[in-house]
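My structure is below; once you've seen it, I'll send some questions.
Labels run A, B, C and D following the written order; every chain starts at residue 1.
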Amino acid sequence: MIHYLLFFIFGALAVAGAVNLLAQKHPIASALSLIVVMGSLAAEYLLLGAEFVAIIQVIVYAGAIMVLFIFVIMLLNAGEEPRAGGSSRVAWMFGFPAMLAIGILLAWVLVKRDAANTSVPVGAMYGSPTLIAEQLFKPYLLPFEVTSVLVLIAIMGAVVLARKED
Amino acid sequence: MPNLSPITVFLLVALAKTVIALGLLLTSVAYLTWFERKLVGRIQNRWGPSRVGPFGLLQPLADGLKFIFKEDITPPYVNKPLYLAAPLIALALALTSIAVIPFSPPVHLGGLQTALQVTDVNIGLLIILGITSIGLYGIALAGWASNSKYSLLGALRGSAQMVSYEVALGLSLVGVLILARSFSLQEIVTAQHGLRWGWLPNWNILTGCQLVAFLIYICAAFAETNRIPFDLPEAETELVAGYHTEYSSMKFAMFFMAEYANMFTVACLASILFFGGWTGPIFGFGPYSWQAGLLHVFWFALRIFFFLFLYVWIRGTLPRFRYDQLMSFCWKVLLPLSIANILVTALVVALRS
Amino acid sequence: MVPLGYYLALSAILFACGVAGFLIKRNIITIFMSIELMLNAVNLSFVAFAAHWHVLSGQVFVFFVMVVAAAESAVGLAIIIAVFRTRATLDVDRVDLLKL
Amino acid sequence: MNSTFHLWLIPALPLAGAAINGLFGRSFPRKVVTALALFASGAAFAWAALCALRFAGLAEDAIPHIENYATWFRVGDFSVPFAFQFDQLSLVMILVVTGVGFLIHIYSAGYMAHEGGYYRYFSYLNLFMFFMLTLVLANNYLLMFVGWEGVGLASYLLIGFFFLRDSAASAGKKAFIVNRIGDFGFLIALFLMIQHFGTLTFTEVFDQVSQRPIETAGAGLLTAIGVLLMTGACGKSAQLPLYVWLPDAMEGPTPVSALIHAATMVTAGVYMVARSNPIFFRSPTALTVVAIVGTMTAFFAATIGITQTDIKRVLAYSTISQLGYMFVACGVAAFSAGIFHLMTHAFFKALLFLGAGSVIHALGGEQDMRQMGGLRKRIPWTFWTMTAATLAIAGIPGFSGFFSKDEILWNAYASPWGGHWIYWLMGFLTALMTSFYMFRLLFLTFAGKYRGTLSTNPKHTGGKHGHIHESPKIMTVPLAILAVLAVIGGYIGVPAALGGSNHFEHFLEPIFQAPPLPAGVVEHANHALELPLMACTTGAALLGLFLAWLLYVSSPQLPRRIADRAGSVYRLVLNKYYVDELYQAVLVNPLITGSTKLLWRGIDAGGIDGAIDGSARGAQELSDGVRHMQSGNLRSYAGWIAIGAAAVIIFMIVMGGK
């Protein structure tokens, strides 16, 4: 029961954060909403037994990536986005409604179909760092190394892009 | 307590431990300010606080009263919600860290066996790192919400500096983690228990050869807590008071307390990770008696005191970095060093096993 | 015991919100955040499936997603800074010449 | 027994010469080019002669001697080796090819001395040698076909050697295309063999063929293969109805005509039929086809030869006619007689062409016999050698042509494999005409007075080529050698009726082993008739000589009068029976019209191009409509993606529900 409770609390928090992200005009507010979403998701991960993922979610997403966003927003001193203007009709008329409809439809279908299904057991911590490391450094070693190369390239790309040209 | 259900007992004990830990922490923070002023005074060849109470011991109390009664100014044109939220975020997160710090091994206390630690999580170290990384928002939002140039500059400096040093900080700890094979702080301490060759304490910094890691950690931790010589986000001579320029009264006090609480956490962590935590010689008590527990706490407190002393000592000694020096120091010195440290440690451990 | 479907539904809703954000937001940084939201939604599905099937691969995939997200945001924000430097705007509707 | 002859050297040497001259010859001085080409062909001849000497030492069971170099390709069970076969037949052929080829190479060095594209000429000539030798050495039909097509290519290149002349270029094309028709038949024959025998190697095919009965009653597989092979031979050897390319091929340099279009390549058809003798032996129908085609061609070409005025064309029709003789021989299963005539013909016809070349050379390019005359004193070497050749081809006793032609005629009459007096009669008439037109050529060219415009006095022009002059030594020596061969070449096959032992026939016997005669066929020949018939043909030759002397030496006005009297018949013959015009009207024009109107304008331009253009235009219009989707607006792109994703998801939900 307590798990249902926690799931719904954090789920509602996440959805509220996501909706707030859309509703807010100021990027800083949107960013903070996103941090709320991420925090809630970290809690959901804990519910799912993925403690390591949860804390990494906080450290990497909330602690690094979002900091970067906020830093850029502050650096560029981005203000509120102006109302209306030359916005894309396609996006508004088709994409947005379609996506909302799909999201709700999908959610409904999933809940409907899986409600009676097996559920996620709680308590056992599947995602201990040791187990994750077992996976990461044995079967997934190559992808792991490849992502490290990716990160290296991303660093160089970011440096090149953001550097002021003399 | 036979008539209570286990969950109630658990909750009661947790509550008690939380209250005690928080009280201790806040008291320590208060007296840390006194200690700092006194010591810096000595270093600068003056008395420091000495009027309020014996040796000025009541000075923190007076400061607290002063903060409470001061006028609380909210400047115009600030982003009100964030302006108010920022110090709360900073303080709350700073105080949270204490929850996973172990002060002693498990002890028997009136039929209960519990460690003198709010909670032992098996990813304790990661939680502290996570909290530290989130704590950044306090500074960033404070600077941005204040709608002031100095604050904004301070916040920008703070975000960049903390994000950068967090990398070096995290990597410097990997060596210790390799040695302890756990994220749990309790286990990290246990791994350092005992003596090598009968006389050398089994501390990471000694037998674990983590001296380099320790130096990196200390540098990075100083930067994380925005202390001299890395106090650029709040450099008085450059930015008035940096991100908290526009704050006053209790809101300013919250930032202040958050900073000192963070110092305290750093000191705890340094002791746990490199200096054996609560380990130390036990004189004549059983391994799980409450007296032994207190003795552990004492050994631990000694170490914490040493690191706090170090903080103040350095503050009184060193000048401030230039910002570009700060950044290149992090990326060009600390980061490669910490990676080298990881490599060497991993190699040694791999060869030894 | 929360059924898997609930987690997936939550994931779907968050993902839809992300897409919607991508569509209706005009600030390029917010759009970027919408992408992060979508990635997070996907991560939730991964973790839920991992717990459901008792397979850790799902969690490992989350790490890869995070790494990619980090790399992407680093480069993306660098691009945003570069764009802002030349165009002095963050409005994507005003950056529609497919070139800088 | 397993001693290898290194047969590959024989074709490889000319190939090397062709490659070196063809690739680098442009920058070589002429002497180097000449030396290379002559060395290549000469060494090939020498090696062939050496092989021939060693061949004599081979045990009987080591024949045919096969040298397998590699597997050319393998498809399933069917594989084609890259191997050469050396037996009596190919021995004769390579000696003829390399020997005559070498002489003509020498001659060419003089004849082509002042032409452009010298290196190109010799490169092609060597290339021809290579392919021809591959053709005759091959141990399977497919490798033979490579040589077959290769000589066609070399022939095409050499006919069109003076490609700046429009007529030369189109003559080359004509030769190539007409040959394709024959090759078509050849190829189908090969396919049939693959289908039914599963192999193309001579020995294996013939082994299987010899298992089969003689197809006396009606046509069977072997008849089909035989007739199709004959179709191929018709194309290559210029038989009716595919002979039309050979007269036009005279556009090439004269030594080329001598080598390719008289001595060697055109006889490839005869060689091929002779090589396939086990097939023909077992198909009387196919033999009859061969005999009839040969007879018709021999007679028909001879009639045209009578009226032609161009010296090379007379020789060209003569060649066709003589090839017809060879096919008559093959058609009555007297293959060795055919090969015998092939060899002697190679000598005297090459000589005739080279002599004609010498005449043309002397006259600075004049080819019309009406502009010649009285050259006997001016170019005596040419005159005497050509006289020898004419006597040989006319069948005057004692010369090589007499023996070979007589053997053919005797077999045409007496062969148990379909010999018939009609073949003999036609051959007899052809011999008469042959004698007539050949002496006509000789008299028109050398007797009487000079009718041309060229100065006969060297002093008038002062130049070397402005007057009539004898050819240089390098050209006359090969003429002399060939003349000797043309005279004595027949003595290796003196028939038994004349007291000889017919070495040649015995030599080739192992190749042409006849199966037992089908039931009901009896030897009808009366050997007592052989000498009288021989006398008849000799008489015909002498009669032809007399008629030619009468018409062109004693009373030169007579031919004009006869032509006027004969009128339409004369014009018909003069215009080669309008065969070219007929082909033009019946085949070529409809084809051109059809391919222009239907294939080009209709199917290609209308159908294929239309479809492509239409699809391009459609794509253009479609993309013009869709272009507006590409607004450059990031979020509209995202919108489209979202719509697409939504569609997919809805589809999956709907389908997943079922």
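Side notes on the structure shown:
In this text, a contact is a pair of C-beta atoms (placed from the backbone, for glycine too) under 8 Å apart; a residue touches a chain by one contact, two chains touch by 3 or more.
Keep in mind it's a predicted model, so treat the numbers as computed, not measured.
Ranked by how close its C-alpha mean sits to the mean of all protein C-alpha atoms, the top chain is C.
Note on interfaces C-D and A-C: more C-beta pairs are in contact across A-C. Using the mean of the Cα atoms as each chain's centre, the chain most removed from chain D is B. Taking each chain's centre as the average of its CA atoms, chain B and chain D sit 105 Å apart. Centroids of chain C and chain D (each the mean of its C-alpha atoms) stand 80 Å apart.
Centre-to-centre spacing of chain A and chain C amounts to 6 Å, using the average Cα coordinate of each chain. One inter-chain figure worth recording: chain B and chain C are separated by 33 Å, centre to centre, where each centre is the mean of the chain's CA atoms. Within chain C, contacts with two or more other chains are made by residues 19, 23-24, 26, 93. Across the assembly, chain B contributes no residue in contact with two or more other chains. Looking at chain D, residues 631, 633, 635, 638-639, 642, 645 sit in touch with two or more other chains. The full set of touching chain pairs reads A-B, A-C, A-D, C-D. For chain D in complex with chain A, the residues that touch the partner chain are 631, 633, 635-636, 638-643, 645-646, 649-650, 653. Considering their complex, residues 3-4, 7, 11, 14-15, 18-19, 21-22, 27, 30-31, 34, 37-38, 41, 44-45, 47-50, 52-53, 56-57, 60-61, 64-65, 68-69, 72-73, 75-76, 78, 81-82, 85-88, 91-92, 95-96, 99-100, 102-104, 106-108, 110-122, 126-127, 131-132, 134-136, 139-140, 143-144, 147, 150-151, 153-155, 157-162, 164 of chain A touch chain C.
Residues 79, 82, 122-123, 126-127, 129-130, 132-134, 136-137, 140-141, 143-144, 152, 155-156, 159-160, 162-163, 166, 183 of chain B are the ones touching chain A in the complex.
Residues 28, 32, 35, 51-52, 55-56, 58-59, 62-64, 67-68, 70-71, 74-75, 128-129 of chain A are the ones that touch chain B when the two sit in their complex. Remark: chain A residues 87-92, 94-96, 98-99, 101-102, 105-106, 109 touch chain D in the complex.
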